[in-house]
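Across the two complexes that follow, chain A remains constant while its partner is chain B and subsequently chain C.
Coming up: the complex of A and B.
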């Protein structure tokens, strides 16, 4: 049913690479993703799989040594759809997109807020840029926003510096900044990884409530499968710069198709399931993206790899219908098991 | 019951925050406030709690990296805190530590041979070919090829570096290993490998673990007993099965209810307890239960006065009245 909807954001064939001393690292190597209004897409993967770079590419926030080499990122917000990658990097439209149409929150809340300015000043600045409110109105709105994200005593806390607030409170302030212009899409890059579980639970609840309230799309990047189960509508599993599997959340957990997803789900200790027992493991480690294995990049670690096939040709994407895809030779093109 | 290998008695660690003109400490942070613990040989005791609860400080004090303000740490009945440094050196090799961050805990200018062999060189225990043999043997044991002996840490992934860390800790045949968040910085797919390795080494070498972690699912997987710490104190101590299935302290219950479970059919499962963010001031601990202000079961006049003792492994005045929700074991 979602297939008939028009996506809000459509990434297709995205390639982002970084020039390093040792050579060119293809961090994102042909990624296709869609984000729908009012839904949550979780992007899961381990370090180096390109999930953060994908998110940053959307806002054109790739650092200097990196470049977006190919692909398109189409924004279907109100008005004519356009390719974000073709925007003038210094232009007004991109500025409006960042923080206006698309809000973003990052992993380390304390590190992404300016340490020398109060959270109020940072929030008011963003508000004034994107909503054109005057100083006094922006301040009043800032207090409301801080209250909405659950910061107690917002009238006083608005003048607090980030170091005076706990990690959870800083993350709430970040969320307030990201949401102040009522974005249609919120990109959250591991926003709870640095937080304690009890704080994480509250931030996740907050995000869920805010999403329901504003009918916002959320692209949530995480490595924590528990958080995925809790939050996602759709899931994209990434490995070494590619999306290897996509599925609605229930189906992904109930019937993972890609061997990597299967192995990942099995190897995570689950409360109440794995007490005292040896866990199934994935052999080896995530390869250095500079030395990407030939063929399917997961094949050296894959329990189901077919010699002579997986190590030679890159697998094509198999479409199972209903928003499910997997990049694996185990399935033929009709989606049945080969 | 067997004699404990390690016993911690009424341990306090305080950090000075501010001094007055005369150099006397006027404000101090209470990191560990009166911890009693005993580890029997061969078991894994996990220490769980959120950041700032004092679990790392407690671990560091046990290995001797941090001085205790008061109280004692007894290893096989000998009080390590009362010993002079020279005498303590004998025990240093019996208690070893594995650190959290495999990227910053290895000297980048040393080869694996130097890193892993260093404890042997420092104690003058082995050199030359014997040193090499023992390093090679240890590397094989933790799953690293001895061919890598002359490489530097930067060439290795997080999981491999954590193996190096473990090899360095184990090369002097310790009895007790204090592992401080050893898998937190690792990728999900590598975490299981290291957990299995720790379990395997424990049964092979008869090690005793003090496993410090904030991750309740990892702890459930590895630990025999669990101590939950809050604000410098142990609030609950029980066997893993009892603690997870029948928590008796409201903080334990809240902590467990907050863990996201990788099963979408449990999405929005009932019983999740949301805690207010108010943490007590570590320089001025409140009277009574430190958790009282965040606790939904707290009763005014009972929870916020006096010292609350740890009775039957629970530090809560209402422990007999409350019926708390644990984790229901699932079949897979």
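Coming up: the complex of A and C.
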């Protein structure tokens, strides 16, 4: 089915690294991803697997110590497709892409808003950058937007400072800012991690409603498999800077291919099932990306590792068809279990 | 905002009360009091004070009674009558000694403060935005030199070079031919010609300190999530810097009025002596040397008042700039 859809965003061979005192850390090490118009791609993985850096690379938001070394990020919005990485970093097109074509929301909503300016001021500023509305029209539109993201009493709240609002309300304001120019893609970088469970559920509902309403694509970064099950159309599982498995959401949960995905799913607690026994965990910890294991980077923690094979050669990507891939030696190139 | 203002004003009154206590204790630390000192001085000159004179003076300064009563007398005299006491060294009321110099002191300090800001702000912003650039390293190096060099040393270096190059010592705030003249353009230009020396001498330490503060604060702020978030929504770099991190980095800058004002006033003491400025510094030094305690205490008191007022101004500015401070108590 995915083959008939045209990708909106195409990341291929992306490599992003950071210079540290200990050496060059390859945070993203050859990532290929596609986001399709109107659909939701969830990127899951443990902390430090490079999912946030991938998201930030798309809008060229990697901080000064980091650099994008290779790959291309092609934007197929309206008009000619182009490589975002080849844009002038201070140019108008990139500026229009940020916030105009692609909206982004972040992990800590309160810290992502400047405490010294009202949420209205920050929303109106973004509106005026991307829509060219005059001050009064922008303010009226801002009230509508705040209302649309479920902020009660928007006429009054528009003049509230971020520190006067709860985390959930700040995230709603961030969503209003991200969506103010009707972007075709929303990148959500763990937007509910800092919120409590009830607020989290409401924000997810809101995102789903808004997505249906605006018919936009969503790239959702998370480490929460529950969120994945609820939101995703497609899922990409990342481990140590690489996408190890890609699948439509139902298939991923029903039939995980990569041992890492299997282990991840096994470690999700199930009500009733897990009473009286320890929750299964993945042995070991995520290796330091400075000292990547040879061969498959997951092999030291893998229950199904094949000695003499996994620790020597990096596995190639196996295509199962229908948008399913896995990077694992357990499958031969036709996708059958070897 | 009114409540905020009221609270700050209350703190200010309390601070001043505490300072006045300390100052009074300092005044009373030397053995004997003002009248006994005066007596011995007149005796040394072969003149005597009549018993009536002594009695009048003792009543005027409330010298009979315990320390607390004396403090109360001194305090009410200042607050109700503006009477700071007599200067023993100058043989004039303290207020007459201080008044003409206070204006110059405040003027020199304020101008220095403004120049300090005007220099420190752009340099600090530049070296934060262009961190690790040649300009940043140059500013940092010069800044450390400025911080590490005592003001009086800079003053001495200035004097040395002006003597060797120009054959004259830059002293005071006006040339002899202009000092007694009434205000006109010539006198103003002459003043400006003299003012830059104390300004540089007193200001270098302040500029260096402020550059460090702005640079470090801005560097902190530039890494905050709200900067990334604002960039992610397409705010161009120039407005981004002005409207976001600079707004926050401005806070410590404004609050420096509180600490840089006393720094400038103290800097003025030594430098004023070396460059013989018509400011309070030199006479404070003189009064301390000759144990003219009413004068010394009063100067310290006046400088404290100026500093506390400066702090109040910076608090009000902060409240105006930062809604978290303004609204902090009414969440």
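Keep in mind that, in the parts below, the second predicted complex is superposed on the first by the 337 of 338 C-alpha atoms of A that agree within 3 Å, B and C clash if a C-alpha of one lies under 4 Å from a C-alpha of the other, contacts with A are read in each partner's own complex, and residues count from 1 in each chain.
Throughout what follows, contacts are C-beta pairs under 8 Å (C-beta built on N, C-alpha and C of every residue); 3 or more make two chains touch, one makes a residue touch a chain.
Because the structure is predicted, anything quoted here is derived from the model rather than measured.
Peer 1: Put chain B and chain C onto chain A via the superposition and say whether they clash or fit.
Peer 2: fit
Peer 1: Mind working out whether A:184 is in touch with chain B, chain C, both or neither, as first, second, both or neither?
Peer 2: Touch partners of A:184: none, neither chain B nor chain C.
Peer 1: Tell me which partner A:16 touches in the superposition: chain B (first), chain C (second), both or neither.
Peer 2: neither
Peer 1: Applying the touch criterion given at the start, work out whether A:130 contacts chain B, chain C, both or neither, answering first, second, both or neither.
Peer 2: A:130: touches chain C, not chain B.
Peer 1: In the superposed arrangement, which partner chain does A:98 touch: chain B (first), chain C (second), both, or neither?
Peer 2: The answer is second: A:98 touches chain C but not chain B.
Peer 1: Between the centres of chain B and chain C, viewed from chain A's Cα centre, what angle do you get? Round it to the nearest 10 degrees, please.
Peer 2: 70
Peer 1: For A:273, select first, second, both or neither according to whether it touches chain B, chain C, the two together, or no partner.
Peer 2: First partner only, chain B.
Peer 1: When both complexes are superposed, which of chain B and chain C contacts more residues belonging to chain A?
Peer 2: B
Peer 1: Considering only touches as defined above, state whether A:47 meets chain B (first), chain C (second), both or neither.
Peer 2: first
Peer 1: Enter the shortest inter-chain Cα distance between chain B and chain C once the structures share a common frame, rounded to whole Å.
Peer 2: 8
Peer 1: Overlap of the chain B and chain C footprints on chain A, residue-wise?
Peer 2: The answer is that chain A has no such residue.
Peer 1: In their complex, what parts of chain A are in touch with chain C?
Peer 2: Against chain C, the touching part of chain A is residues 56, 59, 61, 63, 90, 95-100, 103-104, 106-108, 111-117, 122, 125-126, 129-130, 161, 163-164, 174, 177-178.
Peer 1: Okay, in this complex, where on chain A does chain B touch?
Peer 2: Against chain B, chain A makes touches at 46-47, 152, 166-169, 196-202, 204-205, 223-230, 232, 249-250, 253, 263-265, 267-283, 285-286, 301.
Peer 1: Could you please specify the touching residues of chain B with respect to chain A in the complex?
Peer 2: These residues of chain B touch chain A: 50-51, 157-160, 187-193, 195-196, 199, 214, 216-218, 220-222, 224, 240-241, 244, 254-267, 272, 274-275, 277, 279, 327-332.
Peer 1: Which chain C residues qualify as touching chain A in the complex?
Peer 2: 223-226, 228-237, 243-244, 247-248, 321-324, 327, 331
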